[in-house]
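Once you scroll down, you'll see the structures, which are given as structure tokens.
Note that subunit A is present in both complexes that follow, paired respectively with subunit B and with subunit C.
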Partner chain A sequence: MGRGQRFGIALSAFVAFAVGVTTALSLLLGDNPALFGNQPGAEQLAELIAAPADALLRLATIVVALSIVIGIANLLYVHAGKLARGKFYSAVLLASFGFTVFWQVTRPGDTSLLEAAQLPIESALAALVALSLLHGGSRVLGKRADIWGLLFVAVVVVVLLASAPLAELAPLQAWRDWLMRVPVGAGARAILLGVALGAVVAGTRALLGQDRSVRG
Partner chain B sequence: MDQTTQQVLAVLFVFATVVLVYTARYFQRRGRQRALRRIAGVERVGEWTKQSIEANRPLHLALGGAAVGEDNTAVALAGAEFFHHLVERANASDVSPIVTMSAASSIPLGQDTVRRAWRSGDYLARAQWYPPDIAYAAAVTGALQGEDPAAHILAGSFGPELALMIDTAGRRGQGSLAVSDRLEGQAVAYAMADEYLIGEEIFAAAGYATDDGRAQADAIVLDVWRALLIMGVTIVLMLEVAKRMPWLNWALVLSVSALLVVFGLLIYRRHLPEGDG
Partner chain C sequence: MAENTISLVSFVLTLMVFSYLFGDAPLIGGLYRIAVYIFIGMTAAFTLVVSYEGVILPYLQDIQDQSTSWTALGYRADITIMFTALLFALLLLLKPINRLTWLTNSVYAVVIVVGAAVGAVGALNGTLFPLLQATVALPDDLTADFEVLVESLLIFVGTMTGLYYFHYQARARADGNEEQSRVGRGFRHIGKAFLVTTLGAIYASALLTSLTILTERIGFLFQFGA
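For the complex of A and B:
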């Protein structure tokens, strides 16, 4: 690794560290005058501390909004390459893209193409997802032949039966409500708590400029 | 809890995490390495990587909707770190892995992941963006048909559309590992994927894909926080229960706690890899 490359890595790690720590402290300590006691000037100090996070988050929002341009460029680049290798569907994609741009330029505000093509296709795909879920659900015990797989299937069956509009199955509704409120609610919270803990550890790594994405 | 207390606790929490991360890395570097607990989901990834090299077929690595600059930035970074180690392992193959995503802001992250470990070839075209949700699932299943991936590693942010990708992979005889930070996607991953990770395991996965002590130290820190959280929740629960049961006394609580600790240690030792227990 050359000296220039090492300098680049150090610089990007330093910038990431500086921006990360500034934003984190600004978010954690800003906008609360009570944190600095009831002394004169506490309010201005709280606002001052909150300002960098506010500015940096606005900047991030703008960059994220602009990233859709990168997405479209990537899509065109990838499929132009595939077209060069003779992929037919890439030609269809590029032609559809060109046609949609032409349509929007010549008929600004016209959503008929969206309603006539995209919505029905997405609805059909949603139905396909439902079928895939059903197919996958039916094979759970084949993949997970243990107590947890059995429990998973039992819960799915109870919830589905309780959702059926049949008077005979009404007693199952109380079971379904309890299942959804207590075990499912607890499990969901546990997963989300775990994800939050993981996010803190990963965030800390990024904050300290240790993440691979900022180490060049 | 008032805002000031919340802010002070948040600062302390972040500071404690920083201290834990550096402490764990110090011990890993000094050679006092702790074995990671067993996560069954990641064990087959090595097998798929070998298959990918032998058959000259790419791995498909998907971040889904995990986006840099949004709520799930940490998930995108953790997924990219995991993928980096997989790409490094697979670089003996002639075909580079494909990274797909539905968040445009994650494209540079995906391209960078391929570029770092795969210094030859057109890495720009190996990170592919498709519009989000169902369109993403449909496009990925269609676009990758010609590439014939050896396996799909789906680690990021997915909803129910994950079913479409896993189902297609299964029908083509391709392996799949899935994990999502969204509950709907996580449920689909559990029910349908060949292998799955749950919740925070996506953040620890990189530690299992490499011998790099830093990634393993981060996985250990995650386990420490999780154990502390479980202990905290258990203590609060027991105190709440104790209020409603006048016959409950400290001797009983201590005996049950000791039993639970022994039981937990037994389970932990059982889950350690052979030779480390």
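For the complex of A and C:
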């Protein structure tokens, strides 16, 4: 690695750090005139502090939109190469892409193609998930026949049976409601708090330039 | 597109996806893959159209109007943001050149840290503080409803032990092995019970949702066939 390249990497890490800290501070302190008391001009000051985050978020939004366009162009380029080598499925992909773009450009606002093709394929794929879930559930029973596996299956059975529209199973609904309100509510909170703590840690690592993606 | 055509196309595509269940049987083995490739092509096209019509085009139209501004920094800042974004997009195209990869990574770094800052601040303000407040909040009148008090305590214990489950701490023993404290192991077991219950409920909900979609699709196939 040359000296110029090392300098470039250090510069990019510094820029990323500056941008990240500016965004975080601007988001935390901006648009909150109460922080500056009843002083005259507090609102303008809060608005001014919020401006860098607003500008950087818009910049990131446009860059992400443009990178999506670049990503799709890359997808088409790769499949055009495969088509040249005689791959049939790439021809299908390119044809469906071209047809959809043509349809959307010539019939703006028309959602019939979405209803006719996109939604049925999505629904059918989501329906196939049921079979995968059933297969996975049966493997849990087969491979983990301990107390945790049994607890997992018991909860699944209670929730599924309570959802069945049968009068005989009505008492199970009260169990299901309690289960969802108390233990599941607590577990979901623990998971969400864990995810939030993870997001804060990962965000702080990126802001401090400790993340590999930021160091270049 | 006519209603009958929509139904016919939906019918054929649904059957093509369900052909997955027959595996690599002769003649119908490739139908599933064709449906998936159609899906990828269409998704890419819709994403392209939405990105252009929903983000790029409005921004391009906005910067032509000098009387409006995206931020408190004024119209000139809008122009600067737009041209910086275009420059960044051009830098992304340099990815295949090995010596200039650091430039592309710099653009990614800026986008990632902006996202990380939003994620960290959002997690603090939107999840951590409200959920912690809701977890430690007690009912207004503790003596009025004993059941509510017990439930609040259970939720508090479940949340704390559930969080503790993700934490691992052990003492080093003289023989070099590790040893967890009994209290810590007990907390972890209680937390695990809450987490397994939650995962079971999430699994059952996902199964119910996909079964509902499956019955709707099968119903549609029979209805169209009839």
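One rule holds for everything that comes next: the second predicted complex is superposed on the first by the 191 of 216 C-alpha atoms of A that agree within 3 Å, B and C clash if a C-alpha of one lies under 4 Å from a C-alpha of the other, contacts with A are read in each partner's own complex, and residues count from 1 in each chain.
As a convention for this text, a contact is a pair of C-beta atoms (placed from the backbone, for glycine too) under 8 Å apart; a residue touches a chain by one contact, two chains touch by 3 or more.
The shown structure was predicted, so the numbers you read here are calculated from the model rather than taken from an experiment.
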| item | value |
| --- | --- |
| Joint occupancy of subunit A by subunit B and subunit C, clash or fit | clash |
| Touching partner for A:83 - first (subunit B), second (subunit C), both, neither | neither |
| Partner chain(s) touched by A:45 [first = subunit B, second = subunit C, both, neither] | neither |
| First (subunit B), second (subunit C), both or neither touched by A:63 | both |
| Contacts of A:35 with subunit B and subunit C, given as first, second, both or neither | first |
| Partner contacting more residues of subunit A (subunit B vs subunit C) | C |
| Touched partner set for A:143, first subunit B, second subunit C, both or neither | first |
| Contacts of A:13 with subunit B and subunit C, given as first, second, both or neither | second |
| Which of subunit B and subunit C A:169 touches, first, second, both or neither | neither |
| Contacts on subunit A seen with subunit B and repeated with subunit C across the two complexes | 24, 28, 60-61, 63-64, 67-70, 72, 75, 89, 122, 125-126, 128-129, 133, 137, 152, 188, 190-195, 197, 199-200, 202-204, 206-207, 211, 213 |
| Subunit A residues touching subunit B - in the complex, by the definition given at the top | 24-25, 28-29, 32, 34-35, 60-61, 63-64, 67-72, 74-75, 77-78, 81, 87, 89, 122, 125-126, 128-129, 132-133, 135-137, 139-140, 143-144, 152, 188, 190-195, 197-208, 210-213 |
| Interface residues, subunit B side, partner subunit A - complex | 2-4, 7-8, 10-11, 13-14, 17-18, 21, 67-70, 73-75, 77-78, 80-81, 84, 103-105, 107-109, 112, 116, 122, 124-125, 127-130, 134-135, 137-138, 142-143, 146, 160-161, 163-164, 166-167, 181, 183, 186, 188, 190-192, 194, 198-204, 214, 218, 221-222, 225-226, 229 |
| Subunit C - residues contacting subunit A, complex | 1, 5-6, 9-10, 13-14, 17-18, 20-21, 33-49, 51-52, 55-56, 59, 70-73, 77, 81-82, 84-86, 88-89, 92-93, 99, 101-103, 105-124, 127-128, 131-132, 134-135, 151, 154-163, 165-166, 191-201, 203-211, 213-214, 216-218 |
| Subunit C-touching residues of subunit A, taken from the complex the two chains share | 5, 8-9, 11-13, 15-17, 19-21, 23-24, 27-28, 47-48, 50-51, 53-70, 72, 75-76, 89-90, 92-98, 100-101, 104-105, 110, 112-131, 133-134, 137, 148, 151-156, 159-160, 163, 179-197, 199-200, 202-204, 206-207, 211, 213-214, 216 |
